[in-house]
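Some structures to go through are shown next.
What follows is a pair of complexes built around chain A, which joins chain B in one and chain C in the other.
Let's turn to the complex of A and B:
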């Protein structure tokens, strides 16, 4: 990575991170596109939080390069940090402060802190600014973490399980707020969450990790076009016990009816498959929830 | 970051309150307990110890912020806090220098400035990622610092006399090194990993505050994430029906990898710190009450030893406080610690009857440990007193202290029963105060009047009967409570009682 590109919010080259004997990230190379909402997917322990921690400079790579706004993460300073927003699953704040005091404290470090956005978010997320942090429930603390992460209009917003403790109404409001930020600021949002139904509503790019390795880095539209569930009904005789096509990722075979989950970019694949197996094939696109197990169990990276 | 926000972070009122409290303790220990001449104790207190405390108090809130996950993301926060800390060090240092110059006239301002600068800067080198929650640690550190300072006092004073400018230059250089290192990026970077750090200003009044309760809950959570070889093999089937095993499970849930011995050691530090603190405080009060009739430490210790066996004193009745205060403190501490152990950290797969038995046992084990620790504290106190007074030590000296401390057991049992039985908070406060302050005070004075008969069969029989009755009442309260309680309810704390 010889030519730092300041327009790329985050880029990594051969990035690895180990904690003792445990390798959290293994040889990850990627560049996050600017102005997108990126869904960072992976199973527990896949390395999502580690990647976000490295991008925000919390953790340094064991090997390889990691650049945020073109600057090595070990050297992030005021120019980069003012453009960076991070919302953590479990924000650790100064418990003795009130919400208002904490907002004032954080705001003092950002020249572009938006008081009107702060007021709007306080209202829509239903946060009482007079309450002490120590008296807040985990969900309320998460809301304060969101406020602290977004009110300075970051160009790169990293959200690590930001909705895990929020109720559905607040989650919907948070998603609206994120879309508003995207519309108004054109910021890049990276959201790591297991609540895929919510993520699906806003993401337009998917990065997937599995066991510390990058297994997907593509536009969401492309994924939606290539992943599908085929319902295969035999027109003549029994269906094979197992379909050999390499694009079939998961199958529930049956004598007359089979359900297959496939990934193919070939537009004629359905017709060809139907002709090969003398069957009728009905295709429907997969949602992110259905795509997730297929994305995170692929043998090699497709980036 | 402006001055208003920095001062909000620092909380000057609390800072000064803590400084005054520990500063006064440090000076009184030096002068009265260690018997240093007045000029020497003032020199050590105002040129070394109080500046080090102030330095620690000034850096504490900054370290606390650095140990939070939001801190590394704040642009320029490290440098802004470095600037404000530098300003506060200069202001605080000058204030201490202005105080020290008239109080320590035998040393030059240059030497004092060097010592003050270095002492204030040293706490910045605190690399601890984790601070124990028990308040006695500052006392222990203070005691260790005092001993080291006392050992090095003479050469230090001689150096200050001989080469004041050298002391100034060395102190300032050392302070600068500490300042640069304390705010360097590598020093700050990894602090966010452990958010379990709370400065003194946050945890005031040290017992039962919201932050302390939160910190303890967080500490339990962190402890529970650690495991021991024994806990890794625990299963419900393995634990079986043994009460002893279940007590270990409950203890593990509360303290994680910490063994009971380690917990007891922590409690022991509390006990061993409290008794000398009260002894020193009482001596000060005795001195203050009779300014024209100055009592030397040796005379005071001789009176203490005489009082220990006969209950009679030749001087001020204020010395009676030396028996009352530890007894009250012992009851209060045991009541507080024991009532914390009656709330389970988790719901366990055992019957409510068994849960009651486990927690009853755990609570009384805590009380018993504290009782032993307080007696050990008294033993240490009398050993020191015998040494200072130049008299031989014998176990008979422990009679009054033992008789004053033993009632902790029935009082703690009754307090626990009270916490479980009395639902209305309004009633709990006066009952709690009456139990942990009123009864120990009364029994201390009662013991005084009959110390020569305290360990005869009749008083011992009465004590045994009362204790057995209190424990039985406590067990009934436990059993009844755990039949109906919400096993996940948070601990009752002093805040809930409206005290803190």
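Let's turn to the complex of A and C:
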């Protein structure tokens, strides 16, 4: 593993976090690549929010190291904190303010607050700045949280389930806005979400957690090219009741026809498998929805 | 003039591959002639609502494969190819489709002569309006 430096937006080494008897993160080591959109995936309670909260310095590690912009998260200073953008699942907002007042309040902390970006986002996300925070619906609160997290051009943007209460039109506009930040600012975006259909549209890197442990840290392209569904048709005789190949992660066996979910980086795997089992194999790639259970539930199996 | 690309972000095929395949097909069909300029990474990623990394990966690989070339500064253009190269790139998509069709024929126990007859008939069919 490379020594984390200031160009690595976030890095962890043997990072663990416990809350009393509960272990939220267990021995996580990773370095996030800069300038990427990283999809942080995992089931409920996998440790996604804890990891994001540690990256932003809200929560401190129980053991191990966590470095944001190369600095231990406990020692992040004001200039470094202004390079962070944080959008929490349930935005903690100042309830008595109007949206306008809240934006002005937050803007006062950031020298780089971009009023033109702010007004473009107010329009595209359809937020009325005159409304009082206390009167907002969950979706509207989420939009305000996003505005407050991105208008200062952060170098590292951490989004924790930012879309759960947004309708599909607004979700699409949010994804566009994030891509625009990526193009204009070259920022690193980490986004945790269960709406995998949407995540799939912008991520180019996947980090997956399962029960507090890191189970995946790979370019999305690589995953798309290694996971597949194989439809296996027997050419003569019955197919085996169970395929023993270690790269077969999930199988629906059948005498004449079997459906397998596989993970292999070997370009010749299909041909070899077909020859071994006297079968025709038709492969199709998996989308993120289909890949997700294989990422987080299965132990890593590679051919 | 940007090529008309249509990327399906949910079919599991990496977006960079879809870009590469579609640009290759457009070159093979003459839609993108030699010397034609490709939109910048920035423009194309904005147009397709894609991560710029994805577009630059596709462009980088097409450049590596000698399909595109960078001219005069940064502009990416379609590289001129020899006739035999052009012929191969034109027939390659058909070859891939037929490989799938051949697999299906074997699964359905359709003998080669019968499969060829079906393909020949399809070749002579008038496209339906």
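One rule holds in what follows: the second predicted complex is superposed on the first by the 295 of 303 C-alpha atoms of A that agree within 3 Å, B and C clash if a C-alpha of one lies under 4 Å from a C-alpha of the other, contacts with A are read in each partner's own complex, and residues count from 1 in each chain.
The definition used in the following text is that a residue touches a chain if its C-beta (ideal position, glycine included) is under 8 Å from a C-beta of that chain, and two chains touch if they have at least 3 such contacts.
Worth saying up front: this structure is predicted, and the values here are computed from it rather than measured.
On the superposed chain A, the positions of chain B and chain C stay apart, so the two partners fit side by side.
In the superposition on chain A, A:266 makes contact with neither chain B nor chain C. Between the Cα centres of chain B and chain C, as seen from that of chain A, there is an angle of 150°, stated in steps of 10. By the touch criterion defined above, A:81 lies against chain B but remains apart from chain C after alignment on the C-alpha atoms of chain A. Of the two partner chains placed around the shared chain by superposition, chain C is the only one that A:287 touches, whereas chain B remains out of contact.
Judged by the touch definition given at the top, the superposed model places A:255 against neither chain B nor chain C.
After overlaying the two complexes on the shared chain, residue contacts for A:92 are found with chain B alone; chain C is out of touch. Note on the superposed arrangement: chain B and chain C approach each other to a least C-alpha distance of 27 Å. Overlap of the chain B and chain C contact sets on chain A: empty, with no shared residue.
Interface of chain C with chain A (complex): residues 9-14, 16-17, 42, 45-46, 49-54, 57, 100, 103, 106-107. Residue ranges of chain A in contact with chain C, taken from their complex: 35-37, 175-176, 179-180, 182-183, 197, 200-204, 220-221, 224-225, 227, 233, 235, 280, 282, 284-287, 290.
By the touch rule above, chain B contacts chain A in their complex via residues 1-2, 5, 8-9, 64-65, 67-70, 72-77, 80, 192, 195, 198, 202, 210-211, 214. Partner chain B is touched in their complex by these residues of chain A: 56-58, 77-79, 81-82, 84-86, 88, 91-97, 101, 104-106, 108-110, 132, 134-135, 145, 148.
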